[in-house]
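What follows is subunit A paired twice: with subunit B in the first complex and subunit C in the second.
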Partner chain A sequence: MTVRNPVPLLLVGLMLLAAWTLPLLSHAPNRLLSGRGIQLATLLHGPRLLLLLPAVPLLAAPWLPPRRGCCVLLASAASLWLAALTGLAGAEAARLAGGADTLARTSLGGGYWALFILGALLANDALRRLGGAGGRLALAQLALYLPLLWLLLSGRLEALSLLKEYANHRDSFDEALGRHLQLVGLTLLPAGVGGAALGLWAFCRPRARGVLFAALNIVQTVPSLALFGLLIAPLAALGRLLPGSGLAGIGLPPALLALTLYGLLPMARSTLAGLQQIPDGVLEAARGMGLSAGQRWRRVELPLALPVLISGLRVTAIQAVGLAQLAALIGAGGFGAIMFQGLSGSALDLVLLGVIPVVALAVAVDALFKLLLSLLEVGPR
Partner chain B sequence: MNRPPQGWPKTLRQWARTPLPWSLAALLALTLGMPALRPLFAALFPELDRPVYQQDSFAALVLAHVALVAASSAVAIVAGSVLGVAVCRPAGRAFRPLLESLLAMSQSFPPVAVLAVAAPLIGFGEAPALIALVLYGVLPIAQGTLAGLDAVSAATREVAQGLGFAPWQSLWRVELPLAAPVILAGVRTSVVINIGTATIASTVGAKTLGSPIIVGLSGFNTAYVIQGAVLVALLAICCDQLFERLQRRLSAWQPRQEDTAESAALPPLAGH
Partner chain C sequence: MIEFSQVSKTFDGQRAVEALDLVIPQGELAVLIGTSGSGKSTTLKMINRLVEYDSGTLRFAGEDVRHFRPETLRRRMGYAIQSIGLFPHWTVEQNIATVPQLLNWPKPRIRDRVTELLALLHLEPEQYRGRFPHQLSGGQQQRVGVARALAADPDVLLMDEPFGALDPVTRAALQDELRRIHALSGKTIVLVTHDIDEALGLAQRIVLLERGRIVQQGSPLELLTRPASDAVRDFIGRSDIGIKLLALERVAARARQGEAAAGEPIAAAATLREALSAFVTRGADRLPVIDAQGRPAGTLHFADLLPPAP
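Presenting the complex of A and B:
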């Protein structure tokens, strides 16, 4: 039989290798002792073998014809496989925790993460071959994780140490989520408006472009930690001068200022690109129709430049989600605070509790903006 | 009395205008002369007992930072360009969507997350830093290689083929030189990102210019923070400008893509 697609062959080969060599779970009697690895193969017996069902199409993937139906089958099988794998881990953790000692910890091992990432890549590959517009692809990519989300919400995973960490830190988790969203949301507004204004200015004054983008590029070049650090002293001094202003060297103000400064470049750049890509003929036609400058701006230039502008906002938002992680170091909170707390205690589960939501947030923001873009492109102009 | 050569004042003016020598001089002066600024920091922060970071000399920190970035960038350049070239060859073309979705996926992982996950697994210090730096260094270079090779026109490739170049000869002598500026732009982005990631790497115990910042942040010593931040910002700016100059050199040396495409299309026309 001829291999029709070498990509699943590579991914499935790596999955088999990971399942064979790496432990799916790691079980320790308490958090001080190092864990004992549990292989996937030892967990599969009796009715649990049914969980392997979604893996069958995946194993056959290299030989499946590149037809629409096959791609849909593969993507849904991969999605179910991710859920089955996670459900198996959760069930085994619950079984192991069945005993009296509540100190026992069952955490997800390297094998689980490798199988998860490879499975997600397989699903993405199948979806990409389906084709389709950016918005639908983004929605489908999000839908891949729905079975997993259902599993998480149904409480079947609660015995895993990651979820135990969540239960222990529920308050600080909720606070971190709120703060992280606050950081990103409050950055998007000034960075979006300011960056768009700068881009517009650069469009109207081509002479200023060189200086403006050189300056923004320097800001982007400065490492984020350094920028956070450099803003501490000036803002602290400002806070002392204006006691009622709420300004301070650490906390929200320097974090928001730094995130906004970083967001200006992608925003300004895409505004300029969005305005530049409007064909001269279109503007001339608008002028010929007798539209005033304001009307041209509202009815021609802005709608035509909007998709590029939104994609600039998308870059700014994803960048802000990641950078906000570091803002914890200057006392601005967010998921970074949980991550660094875990790091100082060398507690991997706590680190993951601070990392996974950020990755999920970035993926969700990315998909949302892609969806918005596709709506703009389809909708009336 | 010798008059300076004709072009001299102009060159001098150019020198004064180009920012690279100035930033390099500032970096060097601050690296070596930070202890001399002690009175300044003591005046600015009278509440601090030790206003200048002294656990390591700043020269040692700059060297350690540069060494970490250089080592990881070297690996990233090789890995990134090999990956980029491999998925553009007929044999590896099927893997291109996979590489692209991998690149897109990694965009949602902040570098500090990789550091934080790697450190409890493989221990604190330089090792997790190297892993994160290589991982994040590969991305822009692979992207640059892909974009650069894509931009080589089909006509150019056909001419190379018509001249009797074997596929790898065409790659090595035609396509890669033409793609070089875009690949170099990828390397520039990669190195600048790595300087930033190396700064954060001090949170997992690597000794870099981020160390004074982290020590200062945890000990409420703003002077330490400023010293580390100014130096690492200057280092990043210097590297960026160095690469910009290199890029300008490279694009001055190389024929313009359109010209090549045109001249490539010329021979059959001339045969008319």
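Presenting the complex of A and C:
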């Protein structure tokens, strides 16, 4: 038996280690007491052993030939495994909770998270081996989590402490989601347009490049927290000067301003890179044939730079999803608000409730932009 | 058609073109030639204002080029360059249609024009119009580049080393093509090259530039027989000027009518240079000549290669 692929071997080894040594769940009579660890092995008995079925192909992954069928099998097994693992945790939590009105809390342990992440990595590895266009890959990566999503929506996980926190904070969660999307969306527009304009400007004026990117780099190196803080004073002053403008030192405007400033660098850089990769001959021919500056931009430069430009927008968007988390500190809301509330109250589940959606959002945004890029590449390059 | 008078251009204190006087009449195929840095490309680009000159006057069709909007001027002049510069995201048809579209030609007229041009450049229209540039060979791309430059039936065709990046066989084929197009359309063509054989083969007038000045201008025959200086002699290739002279004349001009000879015939349209090659490789001192229809057209003697005594 030869090992065909070292990556799954490492992942499978780590999975076994995590399953043996780390607790899958942690159970406490109430949220003030520290929990007691529950190992995966103790939960597996009777019909529940069937849940191990999807894990069999995963354990065999290092020895499977890199054929199409095997990759599909591995990816679907990993997808089912993630759901099975989560379902098992949910069922056990429900059993431990007993009655409806109980203070007992069952939270996901280190073993669960390790097994989950390793399983997701195995699935991604299999999908990558399948190859195919970027768009199909992005869709398949999202599809991996469909069984999990079904489980979540079916209500089978409600006994888990994370979901209990969600039930308790449903209103603020929905508000945070809306605000977070608002922060990202409202950042993308000015950062995209402004960054593209700066990139175009730098392309037309090579001498301005040094100054522009030096300035943008400085913005990027200012720690985000410091930038939020730095903007408080000038914006508060501006708000006093222009009453009724809605400007203030804290809240949405300074957060948007800071996020936009951060977004300018990746956007300007990728616009410049996108324009620079257009062959000189194409630009000279466009000029020599009598296309005006506007026609050159619309018909030649923009379409040819678009794929790189979209990549820049993707980086900007993912960066904004992450940075928006900190915007809660200056009262702009978003999932950061939930996270910081959890941190101040030492409520780990509440922290996770503020963090997991952001991770999911980043994954979704990434897949969305990859899909968009692949749609652009259907046309010939 | 194009008149330079005392035109100068300086780049960062470096003289690129100095007090240039040059007249290119309507319908002429003029070749600007020189080493790199001689100012030949700059001279060409001043005509369509890709480079703006500093002093002097440059007239196009009797009017100062600065009186035109650059875009208007450029749309009246075809432009073909060495790197071809086809738009990679457009089909062959869209590429060729660029300027007609800018000029708002009606769609059926553009389509007919594309068909006509593809046929003119020996690219089967229905086969090639929908292709993208990356699906074509280098020679085919340059054919499309030339077709694109000709699309809106411009008054002038400007070509900046258009065949420089092609292999010798493809280059020769496209040079033939250009000669044919010039004879057919009678367009004014200004072509930049550093290849003296290309210049001798194509030009009606060769303009030899050096450090931004015209060293000599005239027909290929004039340049070969009466080089103005040692520098010109060096540039056109001191040791094989005779061979190049032979390349300018056709067998038909020297063949003795009514005589017949044995052996493999040579075409009347071949150059004397090709005839010399045939004499040497066949070890013969006379060659039978045939015309384009394959009928006998006299005999060429080895001694006929020498220029007739004055």
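Definition applied: the second predicted complex is superposed on the first by the 364 of 381 C-alpha atoms of A that agree within 3 Å, B and C clash if a C-alpha of one lies under 4 Å from a C-alpha of the other, contacts with A are read in each partner's own complex, and residues count from 1 in each chain.
In the analysis below, contacts are C-beta pairs under 8 Å (C-beta built on N, C-alpha and C of every residue); 3 or more make two chains touch, one makes a residue touch a chain.
All of these numbers come straight from a predicted model, not from anything done at the bench.
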item: First (subunit B), second (subunit C), both or neither touched by A:G294; value: neither
item: Touching partner for A:P279 - first (subunit B), second (subunit C), both, neither; value: second
item: Touching partner for A:G46 - first (subunit B), second (subunit C), both, neither; value: neither
item: Touched partner set for A:L225, first subunit B, second subunit C, both or neither; value: first
item: A:P65 touches, of subunit B and subunit C: first, second, both or neither?; value: neither
item: Subunit B versus subunit C as contact partner of A:P243, first or second or both or neither; value: neither
item: Residues of subunit A touched, compared between subunit B and subunit C (which is higher); value: B
item: Residue ranges of subunit C touching subunit A (in the complex, touch as defined); value: 48, 50, 70-75, 79, 81-89, 98-99, 102, 132, 134, 145, 148, 158
item: Subunit B residues touching subunit A - in the complex, by the definition given at the top; value: 44, 94-95, 97-98, 101-102, 105, 107-113, 116-117, 119-121, 192, 195-196, 199-200, 203-204, 210, 213-214, 216-217, 222, 225-226, 228-230, 232-233, 236-237, 240
item: Of subunit A, residues touching subunit B in the complex; value: 5-7, 10-11, 120-121, 124-125, 128-129, 217-218, 221-227, 229-230, 232-233, 236, 249, 318, 321-323, 325-326, 329-330, 336, 339-340, 342-343, 346-348, 351-352, 354-355, 358-359, 362-363, 366
item: Interfacial residue positions of subunit A with respect to subunit C in the complex; value: 279-292, 295, 299-300, 303-304, 379-381
